[in-house]
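Below: a set of structures, written as C-alpha cells.
After this come two complexes, each holding subunit A, first together with subunit B and then together with subunit C.
Coming up: the complex of A and B.
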C-alpha cells in the first residue's frame, strides 16, 4: 500500500492512489460499533409494536423483570416522565405539534414502533426478556397511503395535529398557466408513484451508550452519520448539555443517509443506561432495521400537466405531489424543500408549479436515503420527458438534448434561483449511448420479431446530484428556523517530531476520507500522502467540528476537503514563518518540500519539519515572544460556502453549491411470458468536476448504480392495509446480489466547479439515475398502446401486466390535448 | 425459552489454534467468535442467513456462522478472516481487493474474502459467471460488486501464481 511519488509537475490530487483504510478492513481489524465493548455493559433489545396502529392499554413488565440477568426495563410512560421535552420538530404548525419521545407513548403508530426497551446480561437474554413484556393493544384502523391519509376522514395518527397533513406548500415559479395556455400540446399524466425502499446498509444501526455518573456525561459510541444533528435533537430531550453529550465512531458499515435516523434509539439507550447504571450496548437485528430504522421517501404525483411546443420545447409543468413521511417526522419535512434543488432537473424548464403535501401514515418513518428527495423528483421529470416523447412522437434522445441546459448556459440560474455550476449534459448523453453502443441495440430491437417472446428497450436516466446544501432552505419549510449556510471543520497539525496529523469533522462510511484528505494535505505541504496521518473516524472530544459535521448529502469533496485544504494552508504558513525565523531568511524565499523547509536559492540552508516542531513544542525560549504567542502548529479551518438566506415567501434562493451530473443508459430485455426484466447492457457517465481520486469516484458510481437497479427491479417496502410490513428481512426484501447486477460501464467528463476550492463536486448519491433509466427502458420496450410506466418499482408481475395492458384496453394513464393548429405538426416527424 | 442451563463443552481449532470452551446450547457460532473469542473480523449483517457477512470456513466448507450453533463446531477446524494473513502480509486476494478498490465500507469484506478464498481453492481460474455465482450469498451495498468481481479475477489464475512466485 505504498504510494510512489508523482512527477514533479503533478499533484496527488487527481490520482487513484490506493486507500489507506483498506489494510485494517481487509484483515478484520476495523472497529465497527458492535466491536466496542465496555466494562459492566448490558445488551439492549427493543420491544416493538406488532400492529400498524393501536392504542396501548397497558404494559406489564413484571414477567420480564423477574428473569435473572435483566438489569432494567424502560417503557414509554417512564420515558415521558424522564424527558423535559419531546424531540425538537423541524416542522412549523401543524406538524410541529407532534410530540415524539424516545419510546412510544399512549399509542403505537407503525409496525415496529418501539414501546419498551430491556437491558440484560446477554444478547439472548435481552431478546427473551423483550418477548416477555406484555403489551395490551387496542387495534386502530390504519392508513398506509399518503393520498388517502390527506383525506379528513382518514384515521388520525397524531390527534394534536388535527390532520395527517403535516406540511403543505405551493411552489410556483414562472407562469405555468401561461405556459399551458400557450403550449401546442398539453400532456396529462394521471398518477406517478415513487415507491419505498432503503439502501439498507449492511451494518445495522448500533450504539454503546454510557450515562456516566462519575463525570456526569453521556458518551455515545455509535454509527450515527450526522452526530451533531443527533446531539441537537436529543440533548434537550435528555436534559443534557451538548458539551456533556459526546459522539464518536470509527468504522461505519455503510449508511447512505439511513444512519441519520438512529437518534431516537440512542436517546432511549441513554435513559436506559441512566436507569440501570450501566453502559447500554445495542446492535439492531436486521428485522428491527427493516421495520424501524427508516425508509426512503415514497411520493405520488397526481394530475400532472406538461406544456410542450410543437418543436419539442418543454415549457414547464404542474403537478400535485404527496409525500409519505411515515409515522413520525425524522428529519422531515425537509424533504418537502430539498427536491427543489433540482426543480427543473437537467432541463431548461421555466414554468413550474408543484402543490406539495406531506402526510404522516402508519408506516416506518422516512429518513434521507441516498439521493434524498431529489431522486423522487428527478424520476418524475424523467418519466415526464419520456412520456412526452412517446405521446408526441419525439425521439427521446433528441428531446432530451434539445431541452437540456446547454454547456454555454453555465452558470445557469433555475426558476427558483439555484445556480447550476458547470457541466456538459448533451455530450454526457452521447458518451453514455456510445458506451452501450445504442445503434446496435436499436437494430437488435427492430430485428426481434413478434413471437420471439422477448422485447428489447433502451432507456436513459438524466440526473443531477446536487451537493453541499444551503441549510437556509429549511426556512422555506419553517421561516422561524435559525439555520442557514453549511460548513465543515478540519484540524491539521505538525506533531511533536514533525509528523503531520489531520482530523476531520466527518463520519466516513466507506468513502475513503483518510485517503483523499491525505492527498489534499500532501499537496499543500509538499509531501507524500504516506507522510500524512488522518485520524480514523470521528471523536467529538478530540476532533474539531461544526453543527453541520458528519457525512451526508454529497459534500465531502467540497466541504470536508475544503476544510482540510484550508487548515493545511494555515499550517504551511506557520511552518514557513518558523522556518524563516530559524533560517534568518525572508518568508517569501522559504520553500517547503518533502518534509523540509529551505531557502529557495540556497537549499543548503534548510530546517526539517522536526526542527520546526521542536522550536514550537519544546524549545520555545529561543523564539521571539511574538512567534511564541502566535504560532501553535495546530491549525483549524472551517470551510463555509458562500450562501445567502433563501426567501421563504417566493421559495427561491441558491439552495446548493454544486451540481454533479450522471447520465445513465441501459438496455433491458423483457420476457413476454414471465415479465422478467434482464439488463443486457448498462453505462453510467459521471461528471463531478475535478476528481480527487478517480478510482474512488468510480466506486461510488458503481455502488449508486447497483442500489438504483435494485430499487427499480427488486427492492420495495410494502404494507398491507392494517399497516404490516411485508418485507421485514433479507428473505423478503431482495437486496440486489452479484447475480442481479450487470457489469457497469463507466465513463467520465470533468467539468470543474467554479464555486469550490478544488473544482470538485459532491457526487456520492448519484441522483437515482438507474431508476429513471430502467423505467425508461421498460417503457421503450412496451407497445405504443400499452400503459405508461407509472411506478418506479417494476417487478416481474407489474411488467407482465404492462405488456398486456394495451390489448386489454386498460387505461394508459396519459392523455394529450393539442391545439388544432398543432395537430400533425413537426412534433410527429 | 431461557435455557442457558444447557451447555456444551467443545474443542476446535480456529486459524490453527486449539481452543476449548463451554458454550450455551443456543449460542450461535458467530456470537461465540465475536463475543467470547473477541475476534471482531467476522461480521453480522442480518438474522436470516442471507447476507454472508459472517462467512467463515469450517472443515474446508464455506459456512455462514450465524446459521450454525457454537456447539456444532465441536471437533472442527475453523478459518476466519484473521487467519488469512497471520503475519500481517496481505494475501494476493487481499492485495487485489486493495488494488481494484474492491471494498468501500469494508463491512461485507471479511465474508467476501472467505467466500472468494473458498472459490479460488476449488477453482483457481473461475470465469466471471462462476465468480458471481460464488459470491451470490454475500450482499454488498457499496460497490455494486463490480470491483469485487475484478478483485477476485485479478487474484485468480496466472496473476495469483505470478504474485506467489
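Coming up: the complex of A and C.
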C-alpha cells in the first residue's frame, strides 16, 4: 500500500486512507476460523431439537457411535456431570435460578436447542452421525408470545424460576402522573410491536477448541467477538481457570453482536475435545445459525400514554414494555437496562415511566444485535412522535425540531442521569431533508390523485448510537454484580530494528481497525501509517486485554483507539528519553519525525528509531542502569472512560460515554393494490464526532442502513404456536441484498465529543434509523383514518392491510384525550 | 455427507442418459442442480444415481425455427436464454424473465428444463411457458418423442408429465401472435426472493383482443389458466380499463394456499392485480407500470 504524506500541519486522523486489511481480505488471504487446522482435529456437529418445547425422555447414541470414524458423542446428562456449575447468570432471583448447561438437560426449550454433539473424522461424517442420534421427546405446550408468557397460566420454561418472568423493573423518572394530568392532550397508543430479526454475517459461528491434556489448558480459536465475556461465563462451568483458557481470532466475517453468543457452543466443544482427546472444530451451517445463533430482541409496548402541551411540547410518556429474551438468558437481562441509555431518545422528555418486564419464551435466545436494546426503544419513541404529530395535527418535522435536545443544551443530562455529549440535531434533520429534496416529494405527494394506485410518504428516523458502555449499569439489573466502568488495552512497541508494532484487544469484523489504529499511532509517533504494523486480530496470549475487550456496542473509536493512542504516547516518551540520552540533549528538545529523533534547532544531531531500538534490545551496556531498568519500548496502556457507579435504586447514572446521532430521511411509494413498498429516495445524516477515517464511517453507515431497511421490510423470525421457526433458511428469510438497497445519500456533521481522547464517538450500530424512517414514511403515506403503523416489520401484506384498515373501520390503535380548553388550539388546526 | 451418498454418471448422449435413467430405480437427472441439490441436502428426497445431463450437447442448443418460434434444449441455462440473440429477437420477454431469476450465480447454472421439471409453483418459467403455449418434448428409451402441451405438463411440486425413464429434452415455443404480445407480472418480497403471486399472459389482436391466455401461478400446485378471464377478454377492446374489468373479482373463486409470507386472502387479492398487469403488458398498455 502506498499513502502520500500529509502536509505538515495535517494529521492522518481524519483522512480516508485505504483499508490496510483489504489487500488480504480481497485476495482470499484472510484467515478465518474455518481456515484453522489442528493436528488430529475432529469435526463437530450439534444435534438440535426439532420441537419448540419438549421433555427429553431418552437419548440413544448407539447407532451414531457405531459409525467408523466417530470419535466421541456428548449428551446433556454427561455434560451436567462434567460441569461443576451451570453458566453464570447476570439476572438476580428469580431469573438467576435458570440452570443452563452447554447442552440441554432434561428438556429442550426451543426449536434448535442443542441436545448432543458429535465429533468425527470429517465434517460430513459428523453430520451423518448426528442424524443417527435418536432422541425420544415428549412434546410440551409452547409459549411464543412475551405478553402471554408473563401470564401465570402459561407453559413454564424453567420450572425452578417459578414463572416465565425473569426480570421486572420500574423505571420512573420525573413525574409522569403530573405530566399526564397537566397535559393538554394525552395520546394513548394501544400496542406497538418491535419484531424479531437478526443480522446475517457472511461467516456463521465457528470455533476450533482444544483441551490440551499435556498442558491442561484450553485453547479457543473462534470468531467470538467478546472473548473475555465468554471466558468469564464458561470458565467456571468448565472448571478451568482463566489463565488456562485462552481465546484468539484473526479475521471475522461479520458479527453484529450475534457472535457474543457463541459461548455455549464453545463450552460444549471444550468438553467434547476433553472427552475425545482431540481438537474439536466446528463451523456452523446457515440453518443452524438461523435456528440457534441468536436473534435480536423482540419487544411489545402496551398502553402507552404520551403527555403533550398544546404548543407541541412533549412532556413525557408512560408505557408497559415486554421484552422477549427467548429460551435462555444469553447476555440478558442486560437489555432491560441498556435501552435506558437513550430513555428520551433525541428529545427533551423529562417525565418517563416504563414498567419493564422481561420473559423467556420457547424461541431462540436473543443476543445483542446491532443497535441492541436501544433501537427497540428508539423505534418506539419515533413511532410515538409520529403518532402524536398525526393525531394532533403537527408537522412531524417541526414537532421533532421543537422537542429535540438543542445544540446549546450540550452537555445534556437526561432524566436518568445520562449525559449527551454533543451534537446538532435540528441542523442534521435539515440537512437530511435537503439531501432528499423533501419539498419536491411533498409536491409529488400532493399531485398523486386517487386512482393513481400509488401513494407517497416521507419519513424521518431520528436516532442515537450510544457508545462505550458503563458496565456499572449491570447493577441496575442486579445490585450484586461487581461490574462498573469500561476499558480496552493496547500495546505499542518499537521492535528490534525500529519498526512500530501495535497489538489491540479488539476483535475486528470488518470495521478496519488495522487501518484506523495505524492512523492514530502514526500521528503520535510522527510517521506514516505505512510504517505502523497492526497485528491482525485478537490474541489473549499477547496479554492485550481487559475483561471488557472485544468489539461490540459502538466503542472502538473511543476505547480501542484511546488505548492505542495512550500506548503510543507512552512509547513516544520512552523513545524521546532514549534519544535524549544518546544525543546528550535535554528531553524537551527532542523532536520525533519520520522515524528519526532530532535535537530541535540542530537536526544534524539525530538518531533513527533503529538506533533507539538497538540501545534497548541489544546494546544496553551503554545505557545507564536506570534507563535499562525502566525503558522497554514495549508500552501497554489501558484506556478507561471517566465513569462513576450508577445508582441501582433510582436507576440513574451516566450509562454511556458518547452519543453519535443519525438522522435518516426516506421517501417511499406504496402500491395500493399490492402493498409493495418502494424506496424512492434515502438520506442518512451521520454525526459521530471527529471521524478518524471518514470513508470507513460511511461504509458502516451504508451497512447499518441496509440492515435496517431489510428489517423494516423483509426480515423477520416468526414462530408458529408449537414453537417452530418459520424462517429457518434463506428460502423464507429474505436477507436484504444489494438489489433491494436503494442508493443512499450520506451527509455528515462532526460534533467532537468533549469526553473522548480524540473527539470521536463510537458508531456503526446506527441506532436502527432505517426502521424508524421507513415506518414513519409508510405512516405518512396512509390515510388519516387508517390504523397507525404499529409494527416495526412491514412486509407487503401488512402494508396492504393498513391501507384498507380505514375503510374497513378497523381500530386505529390510538386515541386522544384533550382538555376542553385545548380544543381549537394550534395543535388541532 | 452434505448429501447422502449417491452415485453419479455423466453420459455424453441423450441415449446413454435414457439408458441409465431407465435401468436404475432411484435414478434422477441432474441438470443445473440449483434445486435438486438443495432438495438432496435437506434430505427431503433421496436419489441413488444422479445422471448429469448438463453437458450433453444436443440439450444445450437454442434453435430459431423458420416459423419464428424457438426450440430450446432442456439444459440451456437462464443466463444463456438471457444472452441469446435468437431468444431476444423472437421472445424478448422470455429472455427478460430468465435474466431476472435469482442471482447471477444461479443463472449461470439453472436450466429451463430443470426449472420446469422441479415444477415448484413459485418457479418463474412454468406459467410463462403455459401462456406462450409451449410444447414440451419428452423422450424415452424407445426413441420416441412424446409432445405434451405445457398446459398439461405441470402436475404439482416435483410432479410433471415426465414419466419413469423419460427425459424432457427440449421445449418448442411457437412464434408470438402477430399482432399481439406477451406479459408477465410478479409480486415478491424482495428482489430475488420467492414469488407470492405471479401471472403470465399472451394476447392476440390489435386494438381489440381476439384471443388471450391468462395463466396464474402460486395459487395452486401448478400454473392454471383462468378461462373466465380469458373469455371476458375475448372481443374486448385492448385498453387498461377493459383488462381491469376482465380481471376484477377473479381472485374470489380461487383457493390459494396461505403461508408465513402471504395469507390466502392476500393472495386472492393479488390475483386480479398480477393478471391485469400481465395482460396490460401483453397489449403494450401499462407494461410493468403499477396501477
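General observations
Everything below uses one rule, namely that the second predicted complex is superposed on the first by the 827 of 829 C-alpha atoms of A that agree within 3 Å, B and C clash if a C-alpha of one lies under 4 Å from a C-alpha of the other, contacts with A are read in each partner's own complex, and residues count from 1 in each chain.
Keep this in mind: contacts are C-beta pairs under 8 Å (C-beta built on N, C-alpha and C of every residue); 3 or more make two chains touch, one makes a residue touch a chain.
All figures in this text were calculated on a predicted structure; none of them were measured in a lab.
By the touch criterion defined above, A:453 reaches subunit C but does not reach subunit B.
In the superposition on chain A, A:355 makes contact with neither subunit B nor subunit C.
Contacts of A:800 after superposition on the shared chain: subunit C is touched, whereas subunit B is not. When both complexes are overlaid on chain A, the residue A:151 reaches neither subunit B nor subunit C. In the superposition on chain A, A:124 contacts both subunit B and subunit C. Applying the stated contact rule after C-alpha superposition, one finds that A:748 touches neither subunit B nor subunit C.
Looking at the shared chain after the overlay, A:77 reaches neither subunit B nor subunit C. Contact with neither subunit B nor subunit C is seen for A:430 once the two complexes are overlaid on the shared chain.
Measured by the number of subunit A residues touched, the leading partner among subunit B and subunit C is B. In the superposed model, A:673 lies in contact with subunit C only, and not with subunit B.
Across the superposed pair, subunit B and subunit C both touch subunit A at residues 124-125, 128, 731, 737, 739. Put simply, subunit C touches subunit A in their complex at residues 1-2, 103, 187, 189-194, 196, 260-263, 266, 269-270, 273, 290-291.
Residues 1, 18-19, 21-32, 34-35, 37, 67, 122-125, 128, 199-204, 251-254, 256, 283, 285-287, 509-512, 695-696, 698-700, 702-707, 729-731, 735, 737-739, 741, 743-744 of subunit A are the ones touching subunit B in the complex. Against subunit A, in their complex, subunit B makes its touches with residues 1-2, 4, 24, 26-27, 31, 34-35, 38-48, 50-51, 53, 80-82, 84-85, 88, 90, 94, 97-99, 101, 103-110, 113, 128, 131-133, 135-149. Contacts from subunit A toward subunit C in the complex involve residues 124-125, 127-128, 452-454, 671, 673-676, 713-714, 718, 726-727, 731-732, 734, 736-737, 739-740, 795-797, 800-801.
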